[in-house]
Structures are given as structure tokens and as C-alpha cells.
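Shared chain: chain A. Partners: chain B in the first complex, chain C in the second.
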Partner chain A sequence: MVTLLPRLTALAAERMLDDFLHHGVSAWRGFDPVNLPDEVRFAATGGSQVHPVTLRDLRSRVVKIAKDCGFGNDDEKKDLALFDSEVSVWLAENPILASGESLRDDTWTFIGVAMAPDIVFWRFGTSRERYLGGIRNTFQRLWMRGRVLDRGPGSDGRWDLLYELTEDALVQITERPSIGGDPILARAIAEAWVRAAMHHGKGRMEPIMRHAVLRIRIQNEIRSMSSLSQAELAKMLDAFFDIAEETITASLQV
Partner chain B sequence: MNSRIAFPFLTLSESAVKASPWSVALNRDDWFPAGDFLADWDSSSTIRLRREFQLDPDIATLDLGISKDDLQLSLGVRIGTGPGRLPRLIVYHDHSEIVPEEWRFTFELEVLGSGLSSVLDITTEFTLSAQVSVCDALSPKRVGDRLWQDRHRIRLEGEEPRFPIEIADLRSLLGDGTAESAPWYLHWSPRDWTRDFHGAIRLFLNRERPEFVERIEAQDAAILQTLMADIMGQVCERLVNEQEAHELIEGLEPGSLGAQAVSWLNHAWPDCDLGFIRSVLENKPGTFRAAFLAVAEIRQD
Partner chain C sequence: MSLISASLYSEPYGITGNIGENSRRLLGNPSLDPLQTVIREAVQNVADSAKLGIGPEIVIRVRRLTAEQLEVLRQHMLVRLPGEPTSCARLTEFLDRNEAVVMEICDFGTSGLGGPTRADRIPIGTENTDFIDFLRNIGTPRDTEQGGGTYGFGKAALYRVSRCSTILVDSLVAGDAERRLIGCHIGNSYEEPENGMHRRYTGRHWWGKLDSEDSIVDPVVGEEAEQLASALGFLSRGDGRTGTSIMILDFENEGEELETVGHRIAESLLWNFWPRMMRDTPADRRFSCAVEVNGVSINIPSPEEFSPLHLFVKAMRAAREGSGDDVHRISSRRPIKDLGILAMEKGLRTPRRPLVDEDSIFPPVSKHIALMRPVELVVKYLEGEALPDERIEWGGVFIASSEHEVERAFANSEPPAHDDWIPDNLPKSPAKTFVNVALRRLKAHAFDMGNLTNGQPSTSSSGPPLARVAGKLGMVLESVGGDGAGRNGGGGGGGTRLARARASRPVFERLEHDGDSTIAVFSSEVRQDARRSGRVLTAKAAVAIEGTAAVKIEKLIAQPSIAAIRAIDGGSRSVSDRLCLDGAEGRYEIFVRMPPDCAVTVDAEVLPVRDG
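For the complex of A and B:
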């Protein structure tokens, strides 16, 4: 049965966020999973409402990962990349987030604004889009990354793509709906990125990736890339990365 | 086929592909034509979908400029879901080769409701399933080349209207002495043009102005025109004023806030470049806004 998750409307979230940002994180009263804000709603039917203990555990686990990465300790260096990867894996593996409920912006608005705004503040500061639901939401984007870049249960290095790709590469893949919404294509691009990074060097990958993604998007409009065999798709993507590298090298020589 | 794209090869005409509309059934209930909204769905339901196809191989070979032996096609069906104009996640992907000579067939599938949210987005396509040996210069040649495509969207929940509108208390939303009494307020941010349009923009109608809300609900043409023109004008003005608008527009995805603004600009100034539109905004701001008033009227027609 589907676990129904709390939803927070945009209007209520804006008000709560204004309050949070105005008074500062130190004035935040914390998350109470038993007494959720009045504005929280659940789907009327289709499953059972999430238990407060589950919500408390959800927050506790995120806080634990954040603390391991420097949250709450100003003297410690923040390891934000590790935080992102660890939370991605954990969210993607969490069965209560495996349903269509996790595709809703208002679900993630609840998590960003009501459940863990302190973590969002630590990770991104006051940028509103990181609290509110959408592809830039602190947790929603990590869940999406985990969901599409999972190599599958039992695979070698099941979650390695989340650790190997740079932030820029992850954004290029998962924040473009035509690519990020298609797990077959998204994963194939991520695998091709890893191969290209080994060949050309991770430090050179940002412009190469942007160039390659542009070609992939154009090509995907006229050719159904995710219907190709795995080998054929990999070959095609490797060629795009090579062309991108050659184009960039040539432009630097002019 | 997608009219936005100029394909670099020949594609199938509508006479080569006869596709029935999708039929839908909830759980074990009876089939009915799939409209744009599916009532009574919830995440415990199973949705069944069905569609009939008939291909005309003679017309298809003529359309594509290939021999009948090379007419090897696949049917692809992708089910996407999630709010927004483009699906957030593809949850079902089927690609099957069409058996030669069996040009008439029915496709049927079941989708579990637990993985769905807001919208069921169904893309159907015919692609080339084998490389073509003998062909014209403009014929499709590669496996996967898209030859025919259509898309059908079914809303599963009533809360994703064609345009996101909400009746709200503007006093608590805006907290501004003057703005709180406005009849409407467009909530959006020009910080991110790549955001999905539906997530990036929301129109709030002032609860304290019931007569105005009633006119909207009654689809008052003049009010809707004014509202739409204001929305288009606000958004387009900011896009045109962006310092790096050219580069920005090149990278926009369909369904994004920026892509929607570009579409509005194209309606207002067909075949004009950004430089021209910017000069209108700078030198004749009244004309700039008036163009959207005119476009808003056309769109209602």
C-alpha cells in the first residue's frame, strides 16, 4: 500500500518560509511530526497516511548524514558533495518515497519548509527555490538523482554514479526534464560521462558535458535514443563526447 | 509528428498510420475513450490502456522512399508522469518490433497507479527498427529514427489546471498595503527560466474581490484577455530584458517558463528577432504591451 505523504501548498509554504528566513534558523521551533502545520494536507484516498514515527526517522536520518558532513559544527569543513550523494542514496532506497507521491512538488515543499529547513539553510542558505518544491528543491533533486542514476539492485557499484559525477554533470542530466525524466537515457549519459572523464580528465569535463548534452538533446528529438540497444546507445554517446572534446579543443586553438 | 521540429529525413504521413484514440479502463471496469481527465483515479488503482493501429505499407514505403523489404518498424510507447508539461519521470517504456505483414494490431498495457502522480503522459512512436539498405537521399536510415509520433495527456488529479490558478488571501500572501487589494497577483520569479512552466508560475485571485473571481469563473472574455495579456507581458518583458537572453533562449527546454515566454513572443512578433522585440520594448513600451492584449484575444478565439 502507498504511504501518503504530507503536502504543503505553495501559499502556506511561502508564508512559513518568509517567517523562517526573517527570524533566522536559530528561532526555528523544530519539527514536530505529531503536530504538523495546519496547512498540511494528505491525499484523500489511495493509501495510508505516513506515521509520525516514520516522519521523525526521515528527519533524523537526514540530520545524521548532515552532521557527518559538517552540519552543526562551524569548525568542521562542510563536505556538501558527500552530503548530496549520501542523501540521494538514502532517499532513493527509502520505500516510503518509492511512489508517485514523491513526484509531487508539494511533498518536497513540506520536507524543505516544514521538516528540514535548517538543513536546507546549512546546505544552500536563503535561496528560496531550495526550500520550495521543484527540481531545485534541496531534497527533491537528490531523490531524483538517486531514482534515475541507480544501476539497479545487485549491480556492481550500484550507486557509484552519484559519487563519481560532478555537481555540474548531475545538474546537466537531472535538471533537464527531457533527459532527467528518462532513466534509461539519463543513466546512459552518466555512464558515458564517467568513460569520457577517464579519457579526457575530470577537470576538462564541464564544457565537454555541456556541449555533448546540447547534441544529445537535438539528436533525441529525431531519434528515439532510449529505444536503442545499450551497446548502440553507449557507442553513440561516446561519439558525442568525443566530438564535444574535439570541438572545444579546436576552438581553443583558434 | 512534432511540428516544432524540421526532421532531416522523410517521415510517415497520417495516411500511412491510422491510430485509434486511446481507450482507458480503471481496474477491471469497462473501457471508455480516454479524455483529458480520468475521474476516480487514486494511487491504489490500476490503469489499463488500449489502442489500435493500422499501417499501410504501400503508403509507408512511398512516404519514406524505401523498399518494402526495408520497412522494418518498431512501436514505442512511453508512459510518463508527474506535474508539469514534460513528464517528471518515465515509468513505463515498451519498444516492440512490428511483425512484417501484421500491419493491423492492438496495443494494450497496464500501469500501476502507485507510481503515478498528477498526469499520465503517453507518447506513442514508430521508429525504424533496422538499418535501411537501399534508400533515397532523404530517407531515414538509422535504427531509432523517429518516423511518426503522437502524445496524449490525461490528468489524474483535478488540481493541475491548464493554467495554475488559486483563489487566495492576498493580504497574507503579499503583506503589502497597496498590492493586497489588487484583483490578481502573478506569483513567479525570473531567476530561473528553465523551471517547468507549471511549477514556476501561479496566478492568485484575490478572495476579497468575489465579483472579480465570479467573472473569471464565468469566463468573462474581456477580463480573461486582460489577465492573459498581463501575464504574457510581465514574463516576456523580463525575458527580453535579460542581458544574456540570446544564449538563454538557445538552451531552453520545451515546457519551461522561458520556452513558454519565447512562444508568446513568437505569437506577438512572428519572424522577428530578439533585437527587434527589444527595440519595441525600449522605444514603444505601450506597443509592446498592446501586442499581448491582441495576442490574448486571438488565443481566446
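For the complex of A and C:
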């Protein structure tokens, strides 16, 4: 049965967020899973509303990961990349989120604004789009990464892509609707990135990736790339990375 | 008026030995809590004794004995206490309590405990042995045709909820209208020295009227019984109100408020006996139930109005009638046998109005089949799958067939507490098969209820599913523009004029070759305003990404360009991205030079001035 998650409408979220940002994280009253904000709604469809204990567990788990990465300890260096990877894996594996509920922005708005604004503040500061639902939401983007870059249960290094790819590469993949919305293509690009990075070096990958992704998106308009066989697709993507590398190199020499 | 004083009789071991002191364990391990078990057992007994053609009236009372009643108990009923130390201590403890709590289960309009009072000698021709079955014997098989009980062990449940294992039984027997009152205690077996030997006792004790011939006690009877019963606070049995009252002494309320206990009893009655409490249950089977706590009656809602029982009630009606939307006959194939009828009912989940604050026995979401034999006492609830939408719930009723062989099979599979059907209780036989098959079918039904959408292939599909293909096509096509259905902006010439001259969104027409390069031809409809102010038609092309024009695109990627624009009627023509209109209107073609391996989008615009 589907577990229905709390949703927070944009209007209410904006107001709560104003309040949070105005008074600062130290004035935040904390998350009370039993008494959710009045503005919280649940879908009027089949399923059972999430239990407060489950919500509390979600919150404490994410806090635990954050603490391991330096949250709550100003002296310690923040390991934000590790936080992102760990949270991605955890969110993607969480059965509570394995339903249409997590496709909705207002679900993530709830998590960012009501459940863990302190974590968002620690991770991103006051940037509003990191609290509100959308592809830039602190947790929504990580959930999406996890879902898209999962090599599948039982595979070797199931979650390695999440740890190998740089932040820029992950953004290029997940924030482009035509790629992020197509798990086959997204994963194939991630795998191609790993191969290209081994070849060209991680440090050079940012402009190469950006250019390659542009070409891939243009090509994707006229070919159903994810319908290709895995080998064909990999070959095609490798070619894009090669062209991108050549183009970038050539442009630098001009 | 002077009350009789009852005598104590402690049962010695027979010369050939006795079964032992396991009578309190005879219930097996009931899956229900002691309170529910005792209610079930007692009410099943009532159902069995409702032989007079009218539905029994059942009153369950929980009360504190008054000081006078307690004194009567001390002085006239439990005058002598058993010799066994534990028994003696427990009873003393009870008699010394400030608040002595008892539970009484009383029935009226039933046959009462008739027949002989001695178990060893039964006059020839005697049919009724209720008294000895209930108070003397252990494990007597039922004699009531399709009765609720089958073992006669159930009475052990009564002693289990008494901290001192003692009950008083007051009965007015139908027929000869004899009033009988007797006390009974079950304790541990023990020994007492007698004439240089150890005399062994079974641990069972009775209080009643001593028979001077053999020193065994019989019940106090007649007027003496009536007076003593009345002094103890038993409900009156005037006007021939036959039946039995069982008083459980030192009732184990497990620390709960008596009022809460009362509500639990009401819940228990509803959950286990609702088929007999329905408005349309035939009068001779219908229970009329009341619960009282210290004289105050507790409201028992009718099952028709108590969620989720209302669903079960509907299913019950369908099962009784044997027809309805969701009624199934359950049968076995080898041997071919009708095993019973199953009726299911779905409905909106209405809010619960629990009778108790915590630990209600009613499930929050109903997903159960009530199992019963034709006697219509719920044996147990078989749990199935809940419906995916929690706002809807379901309840079902299975009534085993009344055919003798089938009914016996189910009855014999029941453990002593009658709270389950366990096929393994039966030897390998058709009977075992019946119970096995029925349970298997019922479990399947109960599971399917929650999974209605699964495994129901559409009968009309004649080819492979198209969803995959459709999905892929949709993905490829999702951002393609076209002049499909919609309002035709260009039609009806000469009608209303626009406020401003404009061009419709260019639509792809065809591809053409121009040497090595490819030209994509788009068309757009230009319409003028009243002043024919549109002077110039301009067009822009861009590489399409995600269905729209890529606005900021790197110089490193080849761009499309506008090669030409011309009127479709051949009037005007330009080889740039601008065409002079000078107030003309009509359809225009836009030629776009395509870079390789991409899709393009084209925008067209009408400008009011030539150099705009």
C-alpha cells in the first residue's frame, strides 16, 4: 500500500520559509512529527498516511548522516559531497519514497521547509530554491540522483556512480529534464562520464561534460536514444564525449 | 426468616483413581484473552440451553457485593472452607476484601440446569442431564443438535476468571420449576490424614445441601434456594423466569475500572455474537443482551449501527439468503461436497466509535471473514488483505453447510475453546479435507479482496500489450508541433479583423535538398489588422532542445539559418530572414538551412515598420 506523505503548498511554504529565514536557524522550534503544521495536506486518494514514528525516523536518519559529515560542529570540515552521496543512496533505497508521492514538489517542500530546514541551511544557506520543492530542493535532487543512477539491486558497486561523479556532472544529468527524466539515458551518460574522466582526467571534465550534454540533448530531439541497445548507446555517448573534448581543445587553441 | 446454611463436600479420589487436577487446563490454550473466552463460553452455553423456542435474554453483571451479601456468603454459603491450604487462602482473601467484586452471567427464557444431580446413577429414560454435565462432569460431549459447544470443557473458562476459582450457580429449571443453588470450587488435589492413612482429594468442592445418607451435597432447592439466592443478590426468577445465573466470585478485573470492564464485555458480546443480535435474526435464536455495572446499564449498540459490524450484518443477510452480488458457494471437488456459503460486503469505512478507550478488539480496518457453523456463533475471524484504498473496507461471512457430515467436520476441528478451525485436529478423512479445502478457498478470497486489480487479465485483449510501444512513441513525439485539431485562425475571411497584424506559429511542412545541405520548409499564416499595418515578416530559427528553442547556445555548435521566405502564391520572395509585406496577407513558406543531426524550431513575427 502506498504511504501518503505530507504535502506543503507553495503559499504556506513561502510563509513558513520567510519566518525561518527571518528568525534564523537558532530560533527554529524543531520538527514535531505528531503535530504537523496546519497547512500540511495529504492526498485525497488511496493509501495510508505516514505514521509519525516513520517521519521521526526519516528526520533522525538524515540528521545522523549530516552529523557524520560535520553538521552541528562548526570546527569540523563539512564533507558536503559525502553528505550528498550518502543521502542519495538512503533516499533511493527508502521504500516510503518509492511511490508517486516523491514525484511531487509539495512533498519535498514539506521535507525542506517543515522537516529539515536546519539541514538545508547547513548545506546551502539561505537560497530559497533549496528549501522549496523542485529539482534544486536539497533532498529532492538527491532522491532523483539516487533513483536515476542506481545500477540496480545486486549489481557490483550499485551506488558507485553517486560517489564517482562530480557535483557539476550530477547537475548536468539530473537538472536537464530530457536526461534526468530518462533513467536509461541518464545512467548511460553517467557511465560514459566515468569512462571519459578516466581518459581525460576529472579536472578537465567540466567543460567537456557541458558540451557533450548539449550535443546529447540536441541529438535526443531526433533520436530515441534510450531505445538503443546498451552497447550502441555507450558507443554513441563515448563519441559525443570525444567530439566535445576535441571541440573544447580546439577552441582553447584558437 | 432464617436462611439455610450450606454444607461443604470435598470430592475424594475414587477407588480406581481420578483423572487428576488438570481441569483448569482443559481449555487448551485459547487464542483469546480470558475475559473474551469466558464471555464466549458462557454465551455459547446459553445458546445451547435456549431450547424453549424463544430467544434467550442474557444479562451480564459486574458488581461489588454489599456488606450484607458478603455476610450471607460467609455465614450461609461458604461456611466451611476446603482443607487444601491454597484454596482456603484464596477464598479467605476474597471474603475479607473490602470490595468483593463478582461477575454474573444470567440467562432467562432458557431451560435451566435440569436433570439428575448425581452423575453416577441416571434414571432410565432421562434425557436432560444439564446439571450434571455442567457441574459434575468434565468433558461431556454435546447433546444439543448443532449446538455451539461440543466438548463440555468450556466451563473451565469460568473458573479461570475467578481469583478463587469459585462459582455459585442459581438455576430455575424449566418443566418442574425447581430452583437449584450450588457452589463449586476447583482447586489443587491434596491429602488429609484419616484413620492412619492419607485420604486423597481431587480438589473439587461443592457447597449445597448435605444428603445425610452418603454425606454428598446436592444443590439447595426450592424455597430455601430462592431465599439464599435472593440474599446473595442474584437476579429474581419470579414468574417462572427459567434459566441459570452463574456468579463468578472474586472476578479478575486485571486492575481495570469496572465500567471499562463493562464496556469490554459489551464489545466482546458484539464481536462474537452479533449474528445472534441482529434485528432480523429469527426470534427463537435472537439474543437480547444487557450489561450492567453496579446496577447501571451499559449501552450496547445494535450491530447494524456499529462500524464495522454493519458490513458483516449485510454480508450475513446475503449469506442467509444465499444470494447477493458477492456470494460464493464454497465446495470441495474430491469428494464433491458443498461446504458452505461465503458472502462478502464492501463499504466506505465509517469512523469507529469504540466502546473502550484502548485495546479495542475491533480492528481499525476491517478485512476479515467471520467463520461460523450454522449455529451462527462466530468461531473466529479470518484476516485477509485490506483494500488498497483505506477509505473502503470489507467484511465477509462464511457459514458452514448444515449438512450433518460437514457440520461435524468443522465442529470436530475446533479446539476446546471453539475459537478456531484446525484441520490437524482431525484424522485423515474426508472431514479433514472439507475443513482444509474450505479454509484454503476462504483464505484465497480474503487475499483477493485486497488485490482486486491484480491477476485479472482483460478478456478482450487479442494482441500483445501496446503500453511500451505507446510510451516510446509518446516520448519521441511529445514535443512535436503540428496543425492538428484546434481553431482555425485563418478561416472565414472578411470576418472580424485582428487588433494587430500577426503570423501564426510556423509549422513544419517538408524537407528539401539544396546541394549538400538540407532545407526544412515551414509555413506560417499572416493576417493583417484593419489598417493593414503589418509591413515586414521576419523569422528566426534555433536548434531545438527539449522541445523549445535553445536560447543560449554555445558558438561551438552549428546553428540553423533562414535561407528564404516567400508567399505561397508566388507573389513576393526574399532570400533573407525578412520579407516585405506592405499590408499583404496569406500563407508564407520559410526555408531553414539545417545543421546536421538536430531539430529546429522557427518563430515568425510581423513587424509594423520596415526597419523594425
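Heads up, the rule we're going with is that the second predicted complex is superposed on the first by the 254 of 254 C-alpha atoms of A that agree within 3 Å, B and C clash if a C-alpha of one lies under 4 Å from a C-alpha of the other, contacts with A are read in each partner's own complex, and residues count from 1 in each chain.
Note that in this section a contact is a pair of C-beta atoms (placed from the backbone, for glycine too) under 8 Å apart; a residue touches a chain by one contact, two chains touch by 3 or more.
Here the structure is a predicted model, which is why all the values come from computation and not from measurement.
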Chain B versus chain C on the shared chain A, clash or fit? clash
Going by the contact rule set out at the top, does A:His211 touch chain B (first), chain C (second), both, or neither? second
May I ask you to name which of chain B and chain C touches more residues of chain A? B
Examine A:Ser251 and indicate which partner it touches, taking first as chain B and second as chain C; both and neither are also allowed. second
According to the stated criteria, A:Glu221 is in contact with first (chain B), second (chain C), both, or neither; which is it? both
Taking the superposition on A as described, I'd like to know which of chain B and chain C A:Arg151 touches: first, second, both or neither. neither
Now for A:His200: first (chain B), second (chain C), both, or neither, which partner does it touch? neither
Go through the superposed model and pick first if A:Gly46 touches only chain B, second if only chain C, both, or neither. both
Once the shared chain is lined up, is A:Met1 touching chain B (first), chain C (second), both, or neither of them? both
Examine A:Pro177 and indicate which partner it touches, taking first as chain B and second as chain C; both and neither are also allowed. both
Which of the stretches 99-107, 333-341 or 549-557 of chain C runs into chain B once the two complexes are superposed on chain A? 549-557
I'd like to check the shared interface: which positions of chain A are touched by both chain B and chain C across the two complexes? 1-2, 45-47, 176-178, 182, 214, 217, 221-222, 224, 226-227
Please name which positions on chain B make contact with chain A in the complex. 2, 5, 7-9, 42-45, 74, 76, 78, 80-84, 86-90, 93, 95, 113-118, 125, 127, 142-146, 166, 168, 172-173, 175, 187, 189, 191-192, 194-196, 199-200, 202, 204, 251, 253-255
In their shared complex, chain C is touched by residues of chain A numbered 1-2, 45-48, 176-178, 182, 211, 214-215, 217-219, 221-222, 224, 226-227, 247-248, 251
Mind pulling up the chain A residues that touch chain B in the complex? 1-2, 4, 10-11, 14-15, 18, 43-47, 99-105, 128-129, 133-136, 144, 147-148, 175-178, 181-184, 214, 217, 221-228, 232
Going by the contact rule at the top, pick out the chain C residues touching chain A in the complex. 386-391, 472, 475-476, 479, 543-547, 550, 553-554, 556-557, 597-599
